[in-house]
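What follows is a set of structures to go through.
Next come two complexes, and both contain subunit A; in the first it sits with subunit B, in the second with subunit C.
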Partner chain A sequence: MSLELFSQYIFAGITYGIIYAIVAIGFNIIYNTTGIINFAQGEFVMLGGMSAITLNYYLPLPLAIIGAVLFTMLIGALIEIVFIRWLKNPSVLRLIIITIGLSIIIREIALHVWGDTVRALPYFTGNVVSSVTILGAPISPQVLWVLAVCSCIVILLSLFFKFTPLGKEMQACASNRLAATLCGINAKNMVTFSFMLSAAIGAVAGCVVSPITSSEYDMGTGLAIKGFTVAVLGGLGNSLAAVAAGLLLGIIEAFSIAIGFPLAFQDAISISILLVILFVRPHGLFGNKEAASLKEF
Partner chain B sequence: MGAKKITGIALLVVFVVAVQIATQLTGTSYYLTQLTMTMYSCLLIIGLCLVMGYAGQVSLGHAGFFAIGGYTSASLTTTNLLPALEGGSSWVSMLNSMGLLTAGSSMFGEPLLTVHPWLACLLAITITALIAFLVGIPVLKLKGHYLAMATLGFGIIIFRIVLAMEFFGEADGISDVPGFTLLPGLTVNGDIDNRVVNYYIAAAVLVTGFVLLLNLIDSRVGRALRAIHGAEDAADSMGINTARYKLYTFVISAVFAAVAGVLLTHYTGGISPSDAGVMKSVRYVAIVAIGGMASLWGALTMGGILNFLSLRGFFGSYDDAVFGTILIIIMLFAPEGVLRLTLWSKFKRQKKEKGS
Partner chain C sequence: MLKIRNLESGYSKLRVLKKISMHVDTGEIVTLIGANGAGKTTLLYTIAGMIRSTGGDIVLFDQNLKPCSPQHIVKMGCSLVPEGRQVFSTMGVEDNLILGGYVRYKRDREYSQTAELKAIYDIFPVLRDRKDQLAGTLSGGEQQMLAMGRSLMAGPKLIMMDEPSTGLAPLIVKEIFKIILGLREAGNTVLLVEQNAKAALAIADRGYVLETGKIILQGPADDLLNNSDVQRAYLGRDVDSDTATCDIV
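Up next is the complex of A and B:
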């Protein structure tokens, strides 16, 4: 394999991988504060991309993206307030079914609003044919946008959780909800906020990736599965590990095509990886077995 | 069998016959086609109810088992083995001499030699049971979200495989599946003349399956399952082999799904990848949830009503949205199922207190 081809596969893998990682971080934020796996996480990515495309008809691109992120945050907050906030000690099965139902409804609404046409945002800089040469391979500038924006999200999030009072309060809720409540933290609001935060980063990911992969109403399920694979691969709840796991999965996928594996089986590969990890190391590649056994799955 | 159970089943049989007579009298026997398809779906749903309601395990991959059954039978009964026989394949000639192959002709009058539907059906069930067994061993060790995702993943893999392989007809699926002659005179196929017979075949299969499950949950196994559902650790410490019981129920319900898949495929004459889709699995879970999880009667009733309405196109293009909405409303307000609304039981209790 020539260097050019090799670096192209690497970049393709990294691009997809970092998107998976962002979806996985969305899972982790909600999982940490509530113990819920939000099966509608992929729908946030779809909503972000689709609403940005619609807003872009009337607004310049940056404003359209900001509007789309705010809109998706609103949806995230509404979901939590209307469907989850007031449940008393819901069982895991009940929450799973509720979020699955929500993802179906969001998808069906999107189908009736936007139809089943495939759309895309315009390239942020340049156009389809413009390219930058890195390591001898022509790379679309949009790939660099994806990498830059997603890296920013990861760095800002870790700064947010480390240094801001709000981030600290969310972490307190994650580690011990009762103790946090006793310290005067409104745990319910933290849960709402975690839904808004993960909706927001999902929407940003949906916007930056839209020019490359296009957006359509049913893109959410596939992304949610990949994102969950990555979250489990890294160890549920651990966001930095999710980035490493995401890049790993993206590169494995890219090279599975490179060695001639049929494209149709690409999803099957990542799901098989998920199954194997679940069976062999359910606490993830980087997770701690003892810590995981304390959590209720 | 308790008297209550016998009465219930007798009423069910009377209802099935009454529906058929009613359609005959009102000249609406075209309803029987959808009713037959509904009953096969119900067979899968009561099987899933055993896993979800009684063993307490969620499965988002049951459309996968349905598809394994249906696709195995469909591909075996449509693949022409005549070239292989003429090519001197010892396998094919052995099967042929054992009378396990049937001759037929294609739409264009070419001679066909295919696997006999009975053999195909048995193979389909065996393969499904084997896959369920092998998948079940590791999967059922998982709980909650992990179990849901793992079964969902299994369903997607099956969907991808049937969508990507030429042997399974890729996106078109398999069509022109021949009828399945159970006994001389009893053929599962979509002929209009055969509609009433097929209605009763489906009813017989469904009622048999239902009675089997009712007896199973009233047996030692059923009590063990309920103990597992209530408190798995406690059940374990009482000497119940929880892992084995969970695996058995998983395999049994997969077999129910496979039988439904085989018979429905022969009835409609074809199967397509959408039958293996994730939405189908979600829909089955939804119906079991609406029926009240641990209620075979509830699953049967709701499965019958919702599947029939959906097949009649009652929900139009909002079909999936309707199922999603019902799912959420039930889980929010009546997690015990519609037939056991907490409001009702409260009302009853108040009445009793007043009366005493």
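Up next is the complex of A and C:
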């Protein structure tokens, strides 16, 4: 394999991998504050991309993206307020069924609103054919956008959780809800925030990948499976590990094509990895066994 | 400061507290003793707003608490150090303390986090040595001190403590009780729930005895210490045969 081809596969792997990581981080944020796996996470990515495309008919691209992110955050908040907030001590299974149901509903509504045509946002800089040469390989500038934006998300999120009062309060709720309430933190609001935050980063990811992968109403399902695989692979709740696991899965996928695996088998790869991990290391590659044994799910 | 009249409370089907009346005056240490399952924790949770009462009144700082959320009660200046410490075990010691102070930090421009932290570290010097350690890795006694420090960061006027001495070695218990006495010196008011009745009554001004959801005895701490029913039930000795003086903290 030539260096050019090799670096092209690496870049493709990293691009998809970091998107999976962002979806996985969305899972983790909600999982950490509530213990719920929100299977509607992929739908946030779809909503972000699709609504940005629609808004882009009327607004310049940056404003359309901002609008799409705000819209998706609103949907995230509504989901929490309408379907989750008022439940008293719901079981994990019940919550999972609720989020799966919601993902189906959102997808069906999207089908009615946008139809089943495949759309895409325009390239942020340049167009389909423009490229930058890195390590001998022509790379689309949009790939650099994806990498830059997703890395920013990861860095900003960790700063947010480490240094801002709101971030610390969300962490406190995740750590001990009773104690957080006794410290005067409104735990229910923190759960709403966690849905809004997950929705926001999902939507941003949906916008930056749209030019490369295109957007359609049912893109969320596949992404949710990949993101969930990555979240489990890294160890549920651990966002830095999710980045590593995401890159790993992305690169595995890219090279599976390189060695001649049919494209149609890509999803099978991640599902097999998910199953193997669940059997062999349910606490994830980087997770800690003791911490995992304390978790409800 | 705190007045409770005919309070009734419990969990969906189970009525735990039956017409409880009690009060805590400014500057007092009041202790509430009672057997396991008497409803002590339930009473504190009801005052803290974690459980809705089903009857009666709670009046805190001359304000009726009926419709108050836990957040509001903390903001008013009444903090609970819960049973079993409940620190944020996955976060650092200093972050735990800082979180306790957010209710004031967010509203009060004058509030200085560093000054408050220094004050807490002066009361609990062990915490200063461990400020970057994860709270879950502290010893039981240190966690208890952290839970107390975290509540104090909110600058409460009334501080409620649920069994602070449980599971701690006698020496640490002594230290914790000394700190509670120090809190009163500093102008705080304390409502102390304890299994360790002897130690609690020794530092308290007044006491209440709770049994199956009812207050069955109340009075100055010294009277309760000498009361034969209390001695038999909670101080673990048979009054008739026991002549030894009780050794108080």
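We take it that the second predicted complex is superposed on the first by the 297 of 297 C-alpha atoms of A that agree within 3 Å, B and C clash if a C-alpha of one lies under 4 Å from a C-alpha of the other, contacts with A are read in each partner's own complex, and residues count from 1 in each chain.
Keep this in mind: contacts are C-beta pairs under 8 Å (C-beta built on N, C-alpha and C of every residue); 3 or more make two chains touch, one makes a residue touch a chain.
Predicted, not measured: the structure shown is a model, and the values here were computed from it.
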item: Touched partner set for A:Ile37, first subunit B, second subunit C, both or neither; value: first
item: Which of subunit B and subunit C A:Leu278 touches, first, second, both or neither; value: first
item: In the superposition, subunit B vs subunit C on subunit A residues touched; value: B
item: Contacts of A:Asp267 with subunit B and subunit C, given as first, second, both or neither; value: first
item: First, second, both or neither for A:Val92, with subunit B first and subunit C second; value: first
item: Contacts of A:Ile100 with subunit B and subunit C, given as first, second, both or neither; value: first
item: Contacts of A:Phe228 with subunit B and subunit C, given as first, second, both or neither; value: first
item: Footprint overlap on subunit A, comparing subunit B with subunit C; value: none
item: For the subunit C and subunit A complex, residues of the former touching the latter; value: 48, 50, 69-71, 74-75, 79-80, 82, 86-91, 95, 98-100, 102-103, 105-106, 147, 150-151, 154
item: Residue ranges of subunit B touching subunit A (in the complex, touch as defined); value: 58, 60, 138-139, 141-146, 148-150, 152-154, 156-157, 160-161, 163-164, 278-279, 282, 285-286, 289, 317-318, 320-321, 323-325, 327-328, 331-332, 335
item: Residues of subunit A defined as touching subunit C within the complex; value: 165, 168-169, 171-172, 174-176, 178-186
item: Of all residues in subunit A, those that touch subunit B in their complex; value: 37, 83, 87, 90-94, 96-98, 100-105, 107-109, 112, 221, 225, 228, 232, 262, 264-265, 267-268, 271-272, 274-275, 278-279, 282, 296-297
